[in-house]
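To start, the structure under review is shown below, and the notes come after it.
Labels for the chains are A, B, C and D, by order of writing; each one numbers its residues from 1.
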Amino acid sequence: MVPHPFRVERVQRETADTFTLTLEPAAAGIEIRYRPGQFNMLYLFGVGEVPISVSGDAASPVPLLHTVRVAGAVTRGICELGRGGTVGVRGPYGTPWPVEQAEGSDLLVIAGGIGLAPLRSVVYHLMAHREKYGRVAILYGTRSPDDLLYRSEVEQWRGRFDLDVDVTVDHAGLNWHGRVGVVTTLIQQAQFDPDNTVAMVCGPEIMMRFCVRELEDQGVDLGDIHISMERNMKCAVGFCGHCQFGPEFICKDGPVFSYQRIADLLDVREV
Amino acid sequence: MAVVEKSKPKIAVWKFASCDGCQLSLLNCEDELLNLLGEVEIGYFLEASRATVEGPYDLSLVEGSITTPHDAERIHSVRRRSRHLVTIGACATAGGIQALRNFQDVEEFTSIVYASPQYISTLRKSTAIADHVKVDLELRGCPIDKGQLLEVIGAFLAGRKPGIPSHSVCLECKRQGTVCVMVAHGTPCLGPVTQAGCRALCPSYSRGCFGCFGPMESPNTASLSDRWRQLGEGNHNLIRAFRTFNAYADAFRKESEALEVLGTRDAR
Amino acid sequence: MPDKGEGNGGSFTVSVEALARVEGEGGMWVAVRDGRVAEVKLNIYEPPRFFEGFMRGRRFNEAPDITARICGICPVAYQMSSCHAMEMACGVVVDGPLRSLRRLLYCGEWIESHALHVFMLHAPDFLGYESAIHMAQDHPEVVQTALKLKKVGNDILALLGGRAVHPINVRVGGFYRLPSKRQFAALLEPLEWARSACLETLDLAAGFDFPDFEQDYEFVALRHPDEYPFNEGRLVSDKGLDIDIEDYDAHFEEIHVEHSNALHARLKGRGNYFVGPLARYSLNFDRLSPLAQEAARRAGLEPVCRNPFKSILVRLVELVWACDEALRILGDVELPTTPSVPVEPRDGIGHGCTEAPRGILYHRYRIDAEGSILDATIIPPTSQNQPTIESDLARFVEQNLTLSHEDLTWQCEQAIRNYDPCISCATHFLELELVDADAEGD
Amino acid sequence: MVVVAEGLDRLFEALRRREFTVVGPTVRDGAIVYDELESAADLPTGWTDEQDGGHYRLERRDDEAVFGYVVGPHSWKRYLHPPFLRLWRAEKRDDGFQVARDEAPRKPYAFLGVRSCELHAIAIQDRVFLEGEHVDPIYRERRENAFIVAVNCGQAGGTCFCVSMNTGPKASQGFDLALTEVLEDGRHYFVVESGSDRGAELLAELGGSEATEVELTAAEVAVKNAVGQMGRSLETEGLKELLYRNYEHPRWDQVAERCLACTNCTMVCPTCFCSSVEDVSDLDGEGAERWRTWDSCFSGEFSYIHGGNVRQTVKSRYRQWMTHKLATWYDQFGSSGCVGCGRCITWCPVAIDITEEAAAIRLDDRPSEQ
């Protein structure tokens, strides 16, 4: 439970407040092998520690990629480190997206805002194993065009004939020629077989709720919908108790849950 | 990368109506003061130095409440010259003990004015700094705890969020293993509605908390008042309990006013 | 030299808008016309806080906690004076080991307060620094000693009082809870170190340059049959005053002057007087411990000292004594069986006068049978010294008209700092003028 | 085995010889608390406690019983899962920083006077810290080395309900030694049972005699008495499902009117394990530390995520706590999170009573609409 020092090799600016860090272990022999959807605890010396999903390709765990949005002191400090800086990393923790179970099905990857970060590993995975899946749609929504993550990469995905990539924004600017509207509208237009589809959804809780409702309307089984949850986390291993959500510990039973498992709790306020 | 000599952050300490105790807490950091002086530049701290450095200041610590028209002006100029402004102590965060005047009837107070000529000008109310300007952080206590003061300065230097919890005194009391004075001795205690920070000092001296750190984050003062009554305290004792060093902090003020409405029946 | 008159015939003013290294907010203003000091004002603009006003209607046992908030530098003094006053009103005497522990607590405050003043507020004047912070660059060891010494005082306060500023363990009748023997024993070693550190510093400070400035003050202090005074004694002066503290009112008066938010105190029919270390020392030299007396002599002090600039030496002598006294108390104190004696309110008047680090602090309360405070009077040392400070300034400026303006200003400030004035204390009184409600807010 | 009262001195000696730090009950500040003990003289001989909701008083007994009280405000988690703990310290280096764990060797604890409900509480925390995917090394080190001397309850307190929770009053497992104190016919002795090899070995050093039928019966009777004295009871049948279907019950609003969110109940609960970490830094920025401290689901910050607290209302915090104790705990760790020790009832300043709250919901079962 002690963080290992990792060196910042590169800081890529994604949006005004979001950065992707490329991290290499500072000492030999440290390697964090993870699966898509898992997260690490990132420690900024003397400042604090926060959970951040891995946003890289799980097949090549070095270097480690994390996409961080500035929310407060720790995330700001991490984003300001710059090349050569050091972050402490411990992990990986939590449950992964069920990419193996989804083999043979159509796949809906639905992201809102920063929610694309933990799903990018899924995209890498399915591009590497494209033949194992049916139709694949990546549906991505943000508040404005300026909030889109991984722009050029998303463009590349869009260019692939074996992926349906659809992007929408809530509020368009002058230079936006794409879709405008909430991400749920993309679901209505996506091509998938509701009886044989696995959906992976990540974004603000309210956005996930609406997506689930839409998917349900389209006939997707609640057990085939997976979402990633966020709660306060101090230890990431189920000791500190902060991340409890009813009977679940978000850190070890989640963050990725099948919707069915937590549906009842999501209906109750302030669980 | 070019090595740039980082200039030390400038700290200023300002005083309004107060007892000086909170700023003294800074000088009372005997073990850390010299280290601290290695990390910061004292730009303005009259209690300690006749030398002053021009602003703007990176961190201003403001002690005391606003009680005069002149001070009501001065605090704006302090704010303008401060990048971060932290209030220290009950006076600065809630008006202090001198806010007891706020409850006095104006007529009543003028009637006790002495016959001798008046040269003082003062405002009707003693108010918190946050009632006048934007405050970045409030440090509670009458006086503040020097450990918390160091935490704020240390966090400021490190760029982290200071660990200043807003939960009750009870949590600290229990962590320390102190025996609850209310449950085990029947001593009325404001600990359950008071914000932690003092390391639950009074109960550790077998005394009930009298609320010098002001209300905690979700203070259920009405429920505690009920309990005090069960322990035999009359409403007027309760009113006095809520009206001491943080009398004008919202939750305490409202409770004392509600109790006043209830009447001052005394169970003594 | 700038705006300074040429020699004796000039007219100019010496003013400092905000005095530094004093507790609280004040300024000074000295006007010189044709080589004579025409006007002196110690301008105390620290806002008044009306303690005596809102003490009315509070319960008698709240006085120690509430009045402590008058001053964060000497809260114990307020707690002691109010406890004694309330105990007198209720007809209770706190004696024996509890009394000794109160003295021990007071030692803690003296050590803390004197160490702060001597090293961090006053010494920089003699050594030519703007502050102890600046002094620390050239003399880190002095500042380290200062801090360590202060800490010894604060440790006593923290152990017996709960914390250094506004202790929570003092009550009418004694304490809430007593520390253990083992905890007390831990104070011994640091106190022994402190005592020798003070002795060494005294020898050093004896070599400072002191302006030649002997004045004919009327010294007023407590005097106790066999102790150097803290909590009890008669009020005496070197000009014949010798009264019970209950008669304070008959002999002293407070007046309000325009330029100050603090009241001025005077001896009725006689005028200015002087309280504080110099007065205490000069009236009680024979009550000091042999070690402290010996140290005073070595530092070149006579048993009576009339030069306020030498108050730094006298404070050091008192520091030696306070360490000595604390060690004596710790050496033979038996822990009391209960932390306090019961005090039941009754209809009455109580007076308390104790020796705060800066001089006598007088409290008087009238309470009713239920223990409600009917009225309160609190006269802190700085109010009492204010007229004397002003007259010192006048004489000092007159004697030093040849100094550069800058030096004169600094030395005037120093002349004020001789008194270690505590301005927060001085502005606590009752009168209040309300400005128009419309002027409120921003 | 039967050991006379003086045998406690020999017990201390034997534990001392084995280099244990003995922790047990002692009287301090008007309560019986757990602390490090020097000798049997530190034990609360002749004292008892009177307990009710929000009420605790230390009282003199009219006999010399050593363990004639119930449980106080402290629990053993203070030692196994301490309230303040430095997890590590890190120093800045040219190439980043280096973390050093605190690995100071410490003497193992011997816990003296552990009640049956407390043994169950320890077993519950074992499940949290030792039996999951991750193991807490600090807890493990303290726990594995601890020597446990249990005491069977000869009387129950005003807020006890271990019988309802199936956790007492007699210790059935998880101890090295278990004592039953008997004061009868002018005799004062302990019937001692060993629960482990090292317990048996130590027992042999206490100079006892084989227990007679009469003595064994006396011990049994003492424990039986306790069963009949439970001050509280809690119906556990279907409790988990009951609470799961009553997330929106109006009772939560009612209890929130009284609840102070003061955290006392969680602090005194022997199974509550929540903690926080605090990252602190030296003023010069060269060193940093991480501390772990007890935390509580009653505090607002506990559930803070960027933008606000998830559990804003006191209602939701109380519901989280009680539902955790009595329902979600089963799903998380396979048992109740409550052992019926009654501490949360006694030490709640406003006398909120978990048994009463559960009963109220049961009485007015209102499954929330889905």
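Throughout what follows, a contact is a pair of C-beta atoms (placed from the backbone, for glycine too) under 8 Å apart; a residue touches a chain by one contact, two chains touch by 3 or more.
Just so you know, these numbers come straight off a predicted model, no measurement behind them.
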Determine which of the two chain pairs, A-D or B-C, is joined by the larger number of C-beta pairs in contact.
B-C
State, to the nearest whole Å, the distance from the C-alpha centre of subunit A to the C-alpha centre of subunit C.
65
Mean-CA-position distance for subunit D and subunit C (Å):
51
What's the distance between the Cα centroids of subunit A and subunit D, rounded to whole Å?
40
Interchain centroid distance [CA atoms averaged], subunit B/subunit C, Å:
25
Multi-chain contacts in subunit C, i.e. residues touching at least two other chains, fall at none
Could you list which residues of subunit D touch at least two other chains?
279-282, 285, 288, 295
By the touch definition above, subunit B meets two or more other chains at residues 158, 160, 206
Among line, ring, star, complete and other, which one matches the pattern of chain touches?
other
What are all the touching pairs of chains?
A-B, A-D, B-C, B-D
In the complex formed with subunit B, which residues of subunit D make contact?
28-31, 33, 54-58, 73-74, 78, 83-84, 257-264, 267-268, 278-285, 288, 293-296, 298-301, 314, 346-347, 349-351
How about subunit D: which of its residues touch subunit A in the complex?
87-88, 90, 92, 95-99, 101, 128-129, 132-134, 136, 247-248, 273-277, 279-282, 285, 287-288, 290, 295, 297, 302-306, 310-313, 315-316, 320, 323-324, 327-328, 331-332, 368, 370
What residues on subunit A touch subunit D, complex-wise?
1-3, 5, 7, 26, 43, 45-49, 71-72, 86, 88, 230-232, 234-235, 237-242, 244, 246-247, 249, 252, 264, 267-271
Given the complex, residues on subunit B that touch subunit D span 32, 35-36, 38-39, 150-151, 153-155, 157-158, 160, 163, 165-168, 170-171, 174-180, 182-185, 189, 191-193, 206, 217-220, 223-224, 226-227
Partner subunit A, residues of subunit B touching it in the complex
1, 158-161
